[in-house]
Amino acid sequence: MVGGGAIAKAHVLAYESVPLLHSLEDVDPLFSVIAEATEELASQAASRLGFEKYLSDWKSLASTPDIDLVDIVAPTYLHADVAVEAAEHHKHILCEKPIAASSSDAKKMYEAAKRAGVVNAMGFNYRRLPAVLLAKKLLNDKALGKITQFRTSFLEDWGANPNMPFTWRYDSKRSGGGTLADLGSHIIDISRFLIGDIHSVCGLQDTFIKERKLPENPSESRKVDVDDYTCALLRFDNGVPGRLETSWASLGRKVYLDFEVNGTEGSVYFNFERPNELSYYSNADPKDLQGHRAIIMGPVHPYGSAFSFPATGSGAGFQDSLNNEIYEVLNGVANSSQVKPDFYDGWKVSQVVEAIQKSSISQKWVDVE
Amino acid sequence: MVGGGAIAKAHVLAYESVPLLHSLEDVDPLFSVIAEATEELASQAASRLGFEKYLSDWKSLASTPDIDLVDIVAPTYLHADVAVEAAEHHKHILCEKPIAASSSDAKKMYEAAKRAGVVNAMGFNYRRLPAVLLAKKLLNDKALGKITQFRTSFLEDWGANPNMPFTWRYDSKRSGGGTLADLGSHIIDISRFLIGDIHSVCGLQDTFIKERKLPENPSESRKVDVDDYTCALLRFDNGVPGRLETSWASLGRKVYLDFEVNGTEGSVYFNFERPNELSYYSNADPKDLQGHRAIIMGPVHPYGSAFSFPATGSGAGFQDSLNNEIYEVLNGVANSSQVKPDFYDGWKVSQVVEAIQKSSISQKWVDVE
Amino acid sequence: MVGGGAIAKAHVLAYESVPLLHSLEDVDPLFSVIAEATEELASQAASRLGFEKYLSDWKSLASTPDIDLVDIVAPTYLHADVAVEAAEHHKHILCEKPIAASSSDAKKMYEAAKRAGVVNAMGFNYRRLPAVLLAKKLLNDKALGKITQFRTSFLEDWGANPNMPFTWRYDSKRSGGGTLADLGSHIIDISRFLIGDIHSVCGLQDTFIKERKLPENPSESRKVDVDDYTCALLRFDNGVPGRLETSWASLGRKVYLDFEVNGTEGSVYFNFERPNELSYYSNADPKDLQGHRAIIMGPVHPYGSAFSFPATGSGAGFQDSLNNEIYEVLNGVANSSQVKPDFYDGWKVSQVVEAIQKSSISQKWVDVE
Amino acid sequence: MVGGGAIAKAHVLAYESVPLLHSLEDVDPLFSVIAEATEELASQAASRLGFEKYLSDWKSLASTPDIDLVDIVAPTYLHADVAVEAAEHHKHILCEKPIAASSSDAKKMYEAAKRAGVVNAMGFNYRRLPAVLLAKKLLNDKALGKITQFRTSFLEDWGANPNMPFTWRYDSKRSGGGTLADLGSHIIDISRFLIGDIHSVCGLQDTFIKERKLPENPSESRKVDVDDYTCALLRFDNGVPGRLETSWASLGRKVYLDFEVNGTEGSVYFNFERPNELSYYSNADPKDLQGHRAIIMGPVHPYGSAFSFPATGSGAGFQDSLNNEIYEVLNGVANSSQVKPDFYDGWKVSQVVEAIQKSSISQKWVDVE
C-alpha cells in the first residue's frame, strides 16, 4: 500500500472483511508493506494499519518481490510514477481516483499496465453500490426505453470552510484539479458506466476561496488554483444530452452524489443520501398507479449476497461500496482476470476532466479526445 | 380576459377568492368580457367562467370602455398585440408567462405599458409562494452570507408522450420556444428575483420528439422546432455561477420546480413537490446540530395571513401562489401602484431565453442583452 | 351559516369556488344569513364573509324560510340544538366535526335528520382528498389482498403552547373532548371509511397542560379536562387490529395526519405532510423492483377533474379537500340525494371517541356501542 | 462463539474491524472456538468464519480454559443455559437479543453474571447508532424540555411470506415470542434508554399466518403461537405516555425502526430507513425558521471517530451499529469494566415483553414487574 491516510484505513478494513463477506474462502490478504512520505509516518501507518514492513520509499515497495498487489492511496501526483513502476515489476494495481494529475500521466499508466498485462483497477467505488448496479441492469434490460437525458451531481460542504489550510489538493499541478477531479471523477465514471462515452463538454468553473493559509505557517497564504465549483453541459457519443455538477462548498450537502436517467419508458434516480435505495419510475404501470418506487436494496439485488447481515435495508453505505470494489480486485488478482473499471476508464475520465477544464477557460465547447 | 383555457379557469377562481382570502373588502372584481378565437368558443367560455359578455375579437375587448384590467391568458404569440392595444387604451394588464414569442415583442409591451403608465404585471406565480418569499427574506437579511452558487430546475413529464398532437406550443414562431420558454421562464424569473440579473449564458437544447401529428389530421405530421430539454450554464452580473435545467420529458417528474442557493453562511433549497416547505441550512447552528430544516409554511410566513385556513401546513399549492399573484394585481389596480414582477421583468426573462437559444445554436457563451 | 370563525371563511371560499371547479353550472349558492353569538360579531361576520343578513340568534336562522342549507361551523356544544332545529324546519345540513359534544346528542341529530329526510353531511374533509380516495379504490379492488393491520395518527403542535388561553375547547362538556374529539374524529372517520366499523378499543389519554388562563382575566386559570394526547388500540369488526394516535402537543408536527394499511398483497401509506401523494407498495411487482411508489395525484385520480389547474402535482391541500366536500353537499342538495359521510357516520365516530375516553378512565378494553 | 448463523458472520466481521476502526491497538481478538448444533454444522461454521476449533457441544465451549469472551448468537432458548454456564466458568459474555425465552431465564442469567462478576453485555445494537446517541445527548442536556410523549415502531415485512417454513422462531416456548420479542426487544431497549423504565403496559397482539409448514416435511404444518403484530400502550415510571408497535408482516417496510420523543421545548425523530440521520425540532429557533433539522451524522457525533471513512454522511448502517457494540464489549473485556446495556437491561426488557403478552391475553393493563 502506498499512502497511509484516511482512505488507506478504509481499504485495509475492506481487505479484512471481504473474504468473509464475499465468501472468498481461499483468499487471505497479507498486509506486507506500506510506504509513506517519511520513515516516521510510514512506521506509524504500519503499526496503525497492521502492515508487516514499512518504507519511506514507494519505489522499493513497487519492486518488492513477494507483493501481488500494489494499492495506491497516495496523493494524486504520485499515482503515475508508482503505477508505472509497479506495472513494470508486474504487480497488479488498484489505484484511487482520480487516476492522475493529468490525462497524459493517466495514459502512461494505462499503457504501462496494458503492456505488463497486470490487473489494473480504479477506485470508483460508487458504481459498486447495489442501487447503482440495479440502475445499470434496468438500462441493460432497456426498461427505460430510449435514453433522452441525464443529470448528475456530487455536492459536499467541507470545502466551504475558509480556515482549512492549503494542501496539495488546492494545487492543480499536484491534484489535477479541485472538485471536478476529486468528486467529479466519480460521477464522470458513473456517467460513462450508465450512458456511455462523452463526446463533448462545456464547463463553468469557479473558485470561491481564492487563497488558503499554509498549514506550517498560517501567517502566509497560497493561491488556490483549483475549482470549488464546476458545472458542465455534456453531449454523449450516443447523442444523449446532460449535465454534471460538483462542489465541495455547498453548505448542507454531505455526500450528495445523485444521478437521474430519463428514458422514453421510465426513469431512475439515485442519491447517496439514501445510499441503499434506487428510485424507479415505470411508464408501464397503470396510469393511476404510476410513481417513483423507492426500491430498498437487499439480498435479491446486485452484491446482495455480500451484505454483512442479510436483511433488506441493513446496508449499504460507503464501506459496502468499497468492500465490493476490493472484492472485485481480489477476485481479479486471484484469477488473473481483468477488472472494470480499469486504468482505461481512469484515463477516459481524466480526459473528460481536462476537456471541462479547457472549456471553462476557453468558454467554448470542447470535444473529449 | 383574453383566452378561455385551463389557466383562465384558475385565474377566475383566484379573482373570486382573493377579496375574502386577502381581506380586500372594497374590491369586488366584475367579470365583464371574455374573448376567444371564435364566437362559439367565446360563448362557451363566458358561460363556463361566468363572464357577462363575450367577443371573438380581442381588439374590441382591449378597447371596451368599462374595463379596468385586461388579463391575457391567450397563446403566447397573441400577447404582444393584445397588451400593446390594451395599454394604448389605458387598461391595466396582467399577462401570463412567457411574456411574448420574442424579446423584441416583449420590449414593445414593456414600452407601451410604460408609456401608458398602466399597471403591468407578469404571471410568474411561483415567486408568490410563501416558501420562495421566505428564501428571498433570508437572502435580504444576509442569512446565507455571500452567495456562491445557484441551481434551479423545472422538470415535468407530460411532454414525453409522443401521441400528444402538434399545437402552437411546438412552433417556435408562435410559442417563443419549448420547455425553456414555457417552464424556464418561471425559473429564470426566480433566478433574477433571488440572485439578480444574468450576465451570460451557455445553453444546450434538444428535441426528443421531432415531429407530432396534426390534431385535425393525424395522418399528417409537423416538425417540432422547440426544445424538449434545455440545460444552461449561468453567470450572474454579481459573479455568481449557476445552472438551470428544464424539460417536459422527464418521466416521473410532475411539477419538479426546484432551486438551491448556497452561501458562505447557509443554504436554502425549495422543491414544488413540497410546495409548502423551505429547507434551510445554517452554518451558525452548533456543529453537531447542523442540518437542513424543513420549515413548513404557516401564518407567520409571507402571505401567511391569506391561507384559506390558518393552520401551518394547510396550504399552499399552485392555486395559493396564483391567489397571491392576483391579490397583488388587484391591489395594484385598486391603488394604481405598480406591481412586481412587471413587463420589464418579463422582457428581461425573454432576453435570457433568447440568449440561451442563441447559445445553444452557436455552441458559445452569449451575453444577455 | 352558523358561526363565523376561521373554518367559516374556508367554507365560504369553497361555496364560491365549487360551481366553477366542479362544473356545477346550474348551482349558484346564495349567502343568505349568518348567525354569530352577538349582534356585533354577526354583523362583522356578514360583512367579512359576504352574507346578506345576520342574526345573533341561530334559532331564527334555522327557521328562516328561504334557506336550503344550514352550514354549522359553530362551537361543538351548539351543533345538536342547531341541527335538530334545522332538521325540524326541513333544512339540509352540513355539520363540522366533531358532530356533537356527546354521542347521545349525536344520535339525536342523526334521528332528527333521518326523520326529516334532509340531506345531512359531516365535515370529514380529509376523506375527500384524491390520495385517500385512491387508497379506498385500491382496497375496494382488493389490490392489497386481505387486510392485516392498520395504523393512523393525527399530530399537530399548536396545543403545546402553554400561553394559549382557556376556551370551550378545553372544557369537555362543551367540546366533547380534546385532541381525540378534535383531530381524532377525522382519523376515526378515515378508519371506518377504509377498514370498517370498530368493535372495541383501549385508550390511553393524557393532559400535559393542566390549566390555562382565562382570556378575559389572565390572572385566573381554569382546569383543562380534555386530552392533549390519546393513543388507542383498536379491534375492527372484521378482526383487523390497529391503533390511532392524536396529539396537538407534538412539537414539529403540523398537519401530520397519516395512515398505513398493510395487507397480504400490498400496502398503502398516506401523510398529509405530502397531501397530494399516496404511497403504494405492491407485492406483485418483480422481486427486485418492489418499493413504495410515490403516486402524485392528477387528473386521472379521484376528483382529478376538479383541480384548479389540470396538472399532476398542482394540488391538493386542505382547501381542495374542502372544495370536494362542499361539492358533494351542493350536489346532494341540488339533487336531494343523501351524501356520505353523514350524521350516521358522525354519530358512529362519536361513539368511538366516547369508548376510548371510557377505556382510558377504566383502564380496560371497551366495546363500541 | 455459540451459533454460526447470519448474525454470527456479522459479529465476526465486527471483531475483525473494530481494533482498526476504534484504534484499539492492543486488542487483537482470536477466534478460538465455535459451537454449533452438529459436528458438521460446527465444522462448516469454523471454516467459513475462521475459528480455530469447533464443537457440537456448547457446554465444553463455555468451560474451555483460554477463552475470555463467550458470544452467544444461538437460538433464544439456548441463551440461558449457555450464559449461566459461561458465567460460572468466569467468562465474559455478549448475548444477542432477546436475552432469553422467558424473564425467569433472563433473571437467572443476570444473577449468574452478577455473581461471577463477569462483563455481561446485550446485543442491542441500535442504541449504538450515532443518531440514537445524539438523541440521548439532547435528552440528557434537557434540550427537549420536559418529555411529554413517546412513540416507537419496528416494522419489517419478511414475515408476511406464508411460505416461510416453521422454525423455532414461531414456537413461543423456544423464542419467547414473535415480533415483540424479536423486533420489539430492540425498541423496548431504546425506550428504556431514552425515556426510562416502563411502569405498565396494555398490549394487542395478533397472528396472521396461523400455521406454517415443517421445513423437513412440507406436507405437515405446525401451529404458530407467536405474534406477527403487536401494539402496546405504555406508561413510563416518570409518567410519560407512549406506544410501541412491531410487525414483521408490514409489506414494504424493511428495517423501519423509528421513534419520536416530544418535549415541551423540542422533538427528535429517528428512522432506520435513514440510519445516519436524526431529525431535531427546536422550539427555540425563531418562529419563522422552525422546522425539523435533518442532522446527518459525521465525525463530530457520537462514535464519529470510528467511521470507516471520516466524511459526514459516509456511514452508518447496521454493521456500524454492531461495530460500536462490539467495540464496547472488547473495551469492557480488555479493561474488566462493565458495559451497558447488560443482562440487567436484557432482563428488564424481557419483563416488558412478558407484561405485554399477558396484557394481550387478559385484555387489561399489566404492571411491569
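Chains: A, B, C and D, in written order; residue numbering restarts at 1 for each.
Methods note: a contact is a pair of C-beta atoms (placed from the backbone, for glycine too) under 8 Å apart; a residue touches a chain by one contact, two chains touch by 3 or more.
Predicted model only: the values in this text are computed from it and were never measured.
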item	value
Centroid-based (C-alpha) most distant chain relative to chain D	B
Between the pairs B-D and B-C, the one where more C-beta pairs touch	B-C
Euclidean distance of C-alpha centroids - chain C vs chain D, Å	40
Centre distance in Å when chain B and chain C are each reduced to the mean of their C-alpha atoms	35
Whole-Å separation of chain centres (CA-atom averages), chain B against chain D	53
Junction residues of chain D, two or more chains touched	279, 290-292, 296
Sites on chain D touched by chain C in the complex	148-149, 151, 160, 162, 202-206, 208, 228-229, 231-233, 235, 241-243, 245, 247, 249-253, 260, 262-267, 269, 279, 281, 283, 290-292, 363-365
Footprint of chain C on chain A - complex, ascending	134, 277-280, 285, 287-296, 300-301
Parts of chain A lying in touch with chain D, wherever the complex brings them together	6-7, 9-10, 12-13, 16-17, 20-21, 23, 25, 47-50, 156, 158, 254-255, 272-274, 276, 296, 298, 308-320, 322
